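In the two complexes that follow, subunit A is the common piece, with subunit B as its partner first and subunit C second.
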Partner chain A sequence: MMDMRNLNMLKKTIPWVIIVLLAVFPLLSPDIFFLSIGVILFMYIALGSSWNIIGGYAGYLSFGHAAFLGIGAYVVALMLINYGISPFITCLLGGLLAALFAWIVGFPVLRLKGPYFSLATLCLGLAVPVIVINLPASIYGGATGLFMPLLPVDIFVNRTIFYEIMLALAVVTTLISRWILQSKFGLGLKSIRENESTAETIGINSTRLKTMAFVLSAFLVGIIGGIYAYYRTYIHPTTVFDTNLSIQIVLMALFGGATTWQGPVIGAAILVIIDQVLITAFPGAPAEISRLVYGLILVLVIMFMPHGIMHYILNWLKSRQLEAEDQEVQKSC
Partner chain B sequence: MLEGKNITKRFGGLCALSDLSFKVEKNEIVGLIGPNGSGKTTLFNVISGLYKPDEGSLFLKETNITKCKPYEIAKMGLGRTFQIVQPFEEMTLLENVAIGALYASGEQNIKRAKEKAMEILQFVKLKHNPLHLASELALPDRKRLEVARALAIDPDIILLDEVFAGLNETEVNEAIDLIFRMREVKGITVFMVEHVLSAIMKTCSRVIVLDYGQKLAEGTPREVSQNARVIEAYLGGTVCSN
Partner chain C sequence: MLSGYEIAHGLIGGIFVGLVYALLSAGFSLTWGVTRVINLAHAAFALIGSYITLTLLELAGVDPLISILFIVPVLFILGLGMHYFMIKPTAKRTKDITSASMVLSFGLYMIVENLLVVIFKSDDRVLHSRYSDLSFHIGPISVAMTSVTSLAIAVVSLGVIYFFLNRTYTGKAVRAVWQDMDGAMLSGINVESVTAITYGLSLASAGVAGLCLVLMYSVTPYIAFSWLIYIFLIAIMGGLGSIVGVTVGGLIVGLIVSLGSVFIPFAYINLVLFVLLIVVLIVKPTGLFRR
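And then the complex of A and B:
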C-alpha cells in the first residue's frame, strides 16, 4: 500500500519537475536552435490541448483551427502597428475575437456531424485567409502581410521570453483541458462524442455544450495565435491561416490520444522531436526522405493504435489495476 | 401523467403514426405491443422528443411538451431506454449513470452524483465492477445499465423499449421484478414496448395495441389477447371462429 502511495506521489511530482527543468533550461545559455524548437513544441502542445476540448472530448474533429490562430495573430499585429499596444495584452483581445467568431460560425457548423463538420471547418479555414487578403491592404496588409516591430532586446533574450511564455501557455491550456475532462462539462462532452441523441435523452443540452467547447477552444487558440504572431514578427495570410497547421494540430492530438488530456502533450512532443531529428538525421538527403519517414510513423500508429498512444497506455494501466483489485476481492472471499 | 392527442408522424409518404391518442395514468404499468413496423418505437421517439410529430400534441404531467427538446423533456422527468442498447462504451459504468444525475436531476457535485449512481447500480442489480468500461458488458448487463442510466435522471415516468428481448427466462423474471420495484420503491410510472407476451401478462395492467400506426385495441392483457383483430394483425389472414 505504501508503494502505491509513493508511486502516486511520484506520478504527481514528475510532470512539475519536468516543467521546472524546462523553465530554467534557458539559464544554461543553450543554442538558440533549441529554444526555437522549444517554442514550436510548446505551441503545438498548447494548440493540441485547446483543440482537444472540442475535437477530442466532444469528438467534433475541427480542421479549421488555424482560422482562430490567424484571427488572434491579426488582432495582435493590427493593435501593435496602429496603436502600439503590447501583444502580451492584446492577445487576450485576439482570443476574445476568435471566440466571438467561433460562436457565430458555430451556429451553422455545429449542426453538422462527423466528416461533414470536419469538411465545413476545413472550408472555414480556407475561406478566412481569402477574406483577409481582400480586405483593404493599407490597413490589413493584404497579400504583403504585416510587419511588426521587434522587441527591443537581443535575439537570445527575445527567444527566451517567447520560450517561457509558450511554456506557460502549454501548462495552462493542459491544466484547463485536464480540469475539463474531470468535470461535469467534460462528462457531458464525452457523452456527446459517444452518442449525441442518447445524451439528449438524459438531459444534456448538446447544442449548448458543443458551442461552449468550440468557443473556449477558439479563445485559447486565439491567444496562442497572438503570441505566435509576435514571435514570428511577420505575418501573412498563408502562414497564420495555414491549413497544414490545422491538420498538424489534429494529427498530433490523434497521435497522442484525443480522448485523454495527456494525448496532445505526448503527441506534440513525439512528433515535433521526430520531425526535428529526421530533418537533421539525413543531412545530405533530400527533405522528402524525412517527410516519408514521418508519414510512415503516423500510418503505423494510426493502424496499430487507432485511439492514440495515451489511450492505449492508460487502458493497459487501468486493466492491470482492475485485475489486481479483482484478485484481492477473490482472495478475501 | 402522459397523454398524446391525435398524434400523426409521417416519414415522406409513409404514415408511421396516424391520429393516435393514448393516455398513461400515474403509477400504471402500460404495455405497448404490435407487429414489427407498427410504429411502437416511433411513438417512443416522438414522446421523448427525438422526432417532432407532424400533427397532434403531447402532455407530460399536464404540460404541453410537443415542441420541447429531448433534454428538456428528460429534465421534466421522462426517462427512456433504447431497443438497441446504447451505453456510452468508452465510459465507466459509474460515469454512464452519473451523467444523468448531473445533467437532468440538477446535481452539481460529481462525487455526490457518483454516490447516487452507485445506489442506482445496486438497485438494478448490476454486479459488474462499476469502474470497468461499459464496452465490456454482456447484453443482460447492458440492459441493466441502460435502465440505470434512465433512472439516474429521477424520472416520474420511464419508457422501456423491449428490455426483455434477448434475455433468458431467469433474466426476464429479474427484469419483471425490477419493473415492479421501480413502481413500488421509486413511484415511477412505466410505459413499455414488449414482444415477450408472458412478461406483458405478468406486469401490465393495460395494453395498447398498434398496427400500421393506428390503435387497434386497448384493454387488459387478457382482453387484448382474445381480441380477434389483434390475432389477425399478428398472425395475418382471417381467424376461424369456432
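And then the complex of A and C:
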C-alpha cells in the first residue's frame, strides 16, 4: 500500500519538476538553437492540447486550425504595426476574434459529421488565406506579408522571453485540457464522440457542447498564433495559414493519442524531436529528404498504432495493475 | 462589358476542365464509397501520372497518348500495393478507418510529394508535345488541341470506368461491396480482391487524369494540394461512388471555376467553392445524385 501512495506522489511531482527544470533551462545560457527548438516544441504542445478539446475529446477532427492561428497572428501584427500595442496584450484580442470566427463558422460546419466535418474544415483552411492575400495590401500586407518590429533586446533575451511564454502557454493549455477531460463538460464531449445521437437522447445538448469546445479551442489557438507571429516577426498568409501546420497539429495529437490529455504532449515532443534530428542527421541534404522520412514515420506509426502511443501505455499500465492485483489475491489465499 | 464571346469561352473552358476534374475525382469517390477510406494522397498519385508523361516524352519522345499504356499498369500496381501494405494492416487495428486513413494518406502524400521534388526538382514543368501548337476552332472560339486531347481522354476513361462498373461482373461486385459489404460477402464475392481492384482502378484513373492535366497546365510537385479542393467538392456533390454523379459534379465545378473567373477575380473562386461545399454538405450530404 505504501508503495502505491509513493508512486502516486511521484507521478504528481515529476511533471512539475520537469516544468520547473525547463523553466530554469535558459539560466544555463544554452545555445540559442536549443531555445528555438523549445519554442517550437512548446508551441506544438499548446496547439495539440487546444486542438484536442474538439478534435480528440469530441472526435471532430478539425483539419483547419491554422485558420485560427492565422487570425491570431494577423490581429497581433496589425495592432502592433498600426497602434503600437504590445502583442503580449493583443494576443488575447487575437484569441477572441479567432473564437468569434469559430463561432460563426461553427454554425454550419459543426452540423457535419465525421469525415464531412474534416473535409469542410480542411477547405476552410484552404479558403481563408486566399481571402487574406486579396484584402487591401496597404493595410493587410497582401501577398508581401507583414513585418513587425523586433523586441528591443538582444537575441538571446528575446528567445528566452518567447521560450518562457510558450512554456507557460503549453502548461496552461495542457492544464485546461486535463481539467476539461475530468469535468462534466469533457464527459459530454466524450459521449458525443462515442455516439452523438445516443448522447442527445439522454439529454446532452450536443450542439452547445460542440460549439463551446470548438470556440474554446479556437480561442487558445488564436492566442498561440499571436505569440507565434511576434516570435517570427514576419507573417505571410502562406506561413500562418499553412494547411501543413493544421495537419501537423492533428498528427501530433493522434500520434500521442487524441482521447487522452497526455497524448498531444507526448506526440508533439516525440515528433518535434524526430523532425529536428532528421534535419540535423542529413546536413547539407535538401529539406525534402527529412520531410520524406518524416512522412514515412507517420505512415508507419498510424499503421501500427492507429490509436496513438498513450493508448498503448495506458493499456499496458492497466494490465500491469491487474496482474499486481491478481498476485495480491493469490498471496492472501 | 461582358461579351457573349467571353461567356461562350468560359462555358467551353468549363466543360473541358470539368470533365478532366471529374476523371480526377472518380477514383477518390470510388475508394471512399467502397472502402470508407479518404485518400488525401489521391492528387499526388495523379501527379505521378503527369511526371511519367513528362519523363517519357522528354527522354524517349513517347507520345502522351501512348504513355497511358505505361501509366495505367504502374498506378494500378501502386494501388494494389497501397491496399495490401497500408490500408489493410491499418484497418485490422482500428475501427475508425476513415479518420485513420486521412492521417495515413497525408503521410503518403508527403512521401510522394517529396520524392517528386527529389527526383524532378521543384521547377514549373510544361509539356511540349506535338499537340501543343495546334488549335481547334468552334465557331469564333479557338481551343488548344491539348485541351481537346485531354477532353477526349477524360471522356473515354470515364466511359470505360462506367462500363466496367455497370456491365462487367467484377465491376458489379465492386458496386455490391460499396452498397453492402456483409451482403456481398454472403453472396460469395471475394471482398478482399474486389477492394484491391478498386484501389488499382482508383489510382490508375488518377494517373490518367494527371496526364490530362499536364497536357493543359504546367505542374510542380506542390500543385497536388490545390487539386484536392476540387476533388472533395466534386466527390461530395456527385455522391460517393457514382460515376454519373461525379461527371455532373465535375461539369458544375468546372463551369463555376471557368465562368466565375469571367465575373470575379480568380483568387476568390476557391472561396465560392468553399461556400458551395458547405451548402451542399448541409442541404444534401449524400450528394446531389444519390437517393
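Throughout what follows, the second predicted complex is superposed on the first by the 315 of 333 C-alpha atoms of A that agree within 3 Å, B and C clash if a C-alpha of one lies under 4 Å from a C-alpha of the other, contacts with A are read in each partner's own complex, and residues count from 1 in each chain.
Following the convention adopted for this analysis, a contact is a pair of C-beta atoms (placed from the backbone, for glycine too) under 8 Å apart; a residue touches a chain by one contact, two chains touch by 3 or more.
These numbers were taken from a predicted model, which means no experiment stands behind them.
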First (subunit B), second (subunit C), both or neither: which does A:Leu61 touch? second
Would you sort A:Val109 into first (subunit B), second (subunit C), both or neither based on which partner it touches? second
Once the shared chain is lined up, is A:Glu288 touching subunit B (first), subunit C (second), both, or neither of them? second
Check the residue A:Leu296 against both partner chains and state whether it touches subunit B (first), subunit C (second), both, or neither. second
Quick one: classify A:Val24 as touching subunit B (first), subunit C (second), both or neither. neither
Report the partner of subunit A that touches more of its residues: subunit B or subunit C. C
Quick check on the superposed pair: does A:Thr259 touch subunit B, subunit C, both, or neither? Answer first, second, both or neither. first
So which bits of subunit A does subunit B touch that subunit C touches too? none
Can you tell me which positions in subunit B touch subunit A when the two form their complex? 48-50, 69-71, 73-75, 79-80, 82, 86, 88-91, 95, 98-100, 102-105, 108, 110, 113, 129, 131-132, 149-150, 152-153
Touching residues on subunit C, where the partner in the complex is subunit A: 32, 38, 86, 89-90, 93-94, 96, 98-100, 102-104, 106-111, 113-115, 117-118, 225-226, 228-229, 232-233, 236, 265, 267-268, 270-271, 273-274, 277-278, 281-282, 285
Using the touch definition up top, name the residues of subunit A that touch subunit C in the complex. 61, 63, 108-109, 111-112, 114-116, 118-120, 122-124, 126-127, 130-131, 133-134, 243, 247, 250-251, 254, 286, 288-289, 291-292, 294-299, 302-307
List of subunit A residues in touch with subunit B within their complex: 182-184, 187-188, 190-191, 193-195, 197-206, 259, 322, 325-326
